[in-house]
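Here you go, one structure.
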Amino acid sequence: MVIARRRPAARAPQRAPRLDKKEYERQLYELQLGLVALHRDVIAHGRKVLVVMEGRDTAGKDGVIKRIVEHLSPREVRVVAPGKPSDREQTQWYFQRFTASLPAAQEVVLFNRSWYNRAGVEWVMGFCTREEYLAFMQAVPHYEKMLVRSGIALIKYYLDITHNEQKQRLRARRRDPLKQWKISPVDAAAQKHWRDYSRARDAMLQATHHTDVPWVVVHADDKQQARLNLIRDLLLRVPSALKKKPLQRPDPRVLREFDGSLLRSGWIAP
Amino acid sequence: MVIARRRPAARAPQRAPRLDKKEYERQLYELQLGLVALHRDVIAHGRKVLVVMEGRDTAGKDGVIKRIVEHLSPREVRVVAPGKPSDREQTQWYFQRFTASLPAAQEVVLFNRSWYNRAGVEWVMGFCTREEYLAFMQAVPHYEKMLVRSGIALIKYYLDITHNEQKQRLRARRRDPLKQWKISPVDAAAQKHWRDYSRARDAMLQATHHTDVPWVVVHADDKQQARLNLIRDLLLRVPSALKKKPLQRPDPRVLREFDGSLLRSGWIAP
Amino acid sequence: MVIARRRPAARAPQRAPRLDKKEYERQLYELQLGLVALHRDVIAHGRKVLVVMEGRDTAGKDGVIKRIVEHLSPREVRVVAPGKPSDREQTQWYFQRFTASLPAAQEVVLFNRSWYNRAGVEWVMGFCTREEYLAFMQAVPHYEKMLVRSGIALIKYYLDITHNEQKQRLRARRRDPLKQWKISPVDAAAQKHWRDYSRARDAMLQATHHTDVPWVVVHADDKQQARLNLIRDLLLRVPSALKKKPLQRPDPRVLREFDGSLLRSGWIAP
Amino acid sequence: MVIARRRPAARAPQRAPRLDKKEYERQLYELQLGLVALHRDVIAHGRKVLVVMEGRDTAGKDGVIKRIVEHLSPREVRVVAPGKPSDREQTQWYFQRFTASLPAAQEVVLFNRSWYNRAGVEWVMGFCTREEYLAFMQAVPHYEKMLVRSGIALIKYYLDITHNEQKQRLRARRRDPLKQWKISPVDAAAQKHWRDYSRARDAMLQATHHTDVPWVVVHADDKQQARLNLIRDLLLRVPSALKKKPLQRPDPRVLREFDGSLLRSGWIAP
């Protein structure tokens, strides 16, 4: 699982430009219109959609999910943020409690963190054994393939931020009285274990990227660009009967389907 | 179940003043700080909190829930918007599928609509039998008492709007491309069946208000006042170990615990 | 909860005669035919049946359940033997995990022990607090009434054995290599805590017997008579469209609906 | 999926001898002692055991399951007989409702029919599409491997009977008033579709036999031999810490691990 990684070149400098607020809101509005149309299509055709949102602490998972669901029907959209397993669940098949939350027809489910906890926080913080970790890495593509073959449109995003950006966000969080709940001992370890998390992420992307359910990696230092491009990508990936004017495609400076070269080139934060 | 109702006096004119946006945001911020503190207390002491949010279509349930959960941990706060029961669920005990979503220790659950569907939309639109309706009305106080005795802090809000306000909101909704999903045949009936819904609401409030779990009625024509006062009330009702500076109490022009005189006086919209 | 109990007269001597094996099997066969007919009726009319089987350790719960389900369809009959709650379940509403197992239309569910654990083993062995115990005793009639009003045919049996009979059965169990699993520390306490269990049973019968779901008490020292009469009673209590030759009624020497005089007269084992 | 099958030689004549009742009971008793010991070991070491029991109608699934669970603790052994999926479940991932019943630590679960319904009755009777059938055949080994890797001891038995034996059993069933519930329109088709079921079974065995979870095929025309040998095999396959005198091994005239030659030789009923 050790991934040889060439000394990355300095992180590729080409970044998408920051948007001014007006422009961001205009584009977000357009994209949310697309989501509303998509959702109607999901309901009309009995589709099943499952979005997995992963990323380090402070990467912006909550924020992008909030924008996606903002104008969708709460009755057919569920956000699932898996909590701590019960003592009984801890002895079950690892995927069992996640399986209970999979979408039925007409439903969109968003996982705010997911089974990938095992390849990230659980592995880095020592909450699972090496054996459990390896079993997970091997099982997950098979699990996901089965979901896809059963007709679930499964899309997984990894929000990637730089070391420096996380540092600033954690600092801001500590100062923001509204974000107190986000401070936990585990979070505190995010910076300290930065490299361990990076290695765990690299191993996860390599081992669990597969053609049925590719990882889509999003540069998330710029939250607005991350949100817009992720939603853009989502609209393109969910199959639908919509015939609308061609959408702007995601910006490759912000969002790319994973391949190993992204690690070597430093496109993904070291 | 027919409730004699004196011709109401013209709806009581004393309304709380509209707030300017800045002031609303300032107050909301303060209240959300209170919610964050409350939530930490819920987690620290293993409490269980269940909030039921009811009200006619367009009354603002989604909006107030969004403000409550905005800065709380998604792992310990769940919003449940009960969907259509499956064919199997339809033959089960009515409360069975709701029971599956009740909070465990450290959890806050918000029901966006709830078992009260039976006393509202199901009854008005003929989706349940008279017998089922009556059985529900009799059972619900017992059900709720049991939950309360089991240590759940259960609080239920009814957001009340006027006929005219609903009319305008429905019209705005039809024009807003982002709210297309909210338009359903059932919603279309909201105005047409205004008086039936009023009668169903009155019967529900009278039959299911009890000292263990009183109904709290909120004037919701003014969304901002509704949100602020509802959160204020919530902070006061959830038991907690917090010892903070005394909170401003909810404005009785906006929010009151139900009693029958509110129907007779016209405080609740006819 | 202390129940004044007159010194019981010597336990009423009139017992039903022991049956020879042939006669027992003939009668059991007839009754099982009745159960098969009943079950078909349950399926045909979408009924819901829930049987609660309670009694001290070794009272014969497993045995009578085995005879009831022996020739019924495993797809529509479920036997539920509630295990230890998970740590999460332990913080939930006490009835929540039982509620998940309630019957849907066409189903017969038998509880081998049930929510009454709280009034028996949990209370006697100190696994719940006094407050939880009292809350349970108060809640259970309301809970059961709701189930009944929702159309569930709910019937609860208490298998009663004498001190001496339990002693002999426990001894036989210890000697029987096939019954090793039944020996647990809790069981070991059954004899030692005989009087505590008696008191707990008396309190339970008094507090939780109600006209909607009466307790049916069965003398179970004679297993064969207990099984035959219990099934006879069950066939009479489950509503059905069956029009068959009148069944023999249960023998009042073996089976009676609870009333307080059964405690005072010593009909129920002291 | 069409399986070339040489004209089988007349079914291999070497059958295990019929046992007299006494001998059968003696051996069964010994084996049930072994099951009790095994179960204690499962509980002591927190193991998870899942037994899948498949076979045509009347093959004897209920009977063998009854003997396995007869002396085991109902609190740690569950028999699951999957019923008809609800309308919502029908749109979910096929394995979802089965997944909810998987064993946790210390549990033994027996599936009386299972997910293999899709490869048998559903496929033969046209209750699923060809696409669903093929997706299932491809998915099932991956699903089972994951369960095994998660520490579940998963063992699957196929009870095989001959055409003639089924004919006689169905006839006896129709005459037995206690087995009326077993007569369903689907069962009625068992004989008519004998060859279709044979073909479906052959395809299933070939496609879903894998080294992680091999199919174990049992000659079940002789019920007693089938039960004894299946339990014998089960005791050998479930990992345990038991160190007992070497067990008699299953009789290869009665029970064999699947391989393709069993089809060609006629060992499996054509």
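Letters A, B, C and D mark the chains in the order given here, with residues in each chain numbered from 1 onward.
Keep in mind that, in the parts below, contacts are C-beta pairs under 8 Å (C-beta built on N, C-alpha and C of every residue); 3 or more make two chains touch, one makes a residue touch a chain.
Here the structure is a predicted model, which means the values were calculated and not measured.
Path length between chain B and chain D in the touching-chain graph (shortest route): 1. Looking at which of A-B and B-C shares more C-beta pairs in contact, the answer is the pair B-C. With each centre defined as the average position of its C-alpha atoms, the distance from chain A to chain B rounds to 33 Å. Remark: chain A and chain C have CA centroids separated by 52 Å (rounded to whole angstrom).
Averaged C-alpha coordinates put the centre of chain B at 41 Å from the centre of chain C. Along chain B, residues 88-89 each make contact with two or more other chains.
With chains as nodes and touching pairs as edges, the resulting graph is complete, every pair of chains being joined. Residues of chain C touching chain B in their complex: 46, 48, 88-89, 91-96, 99-100, 102-106, 135, 138-139, 142-143, 145-147, 149-150, 152. Remark: chain D residues 29, 32-33, 36, 39-40, 62, 71-76, 79, 81-83, 112, 177-182 touch chain C in the complex. Against chain D, the residues of chain B that register as touching in their complex are 86-89.
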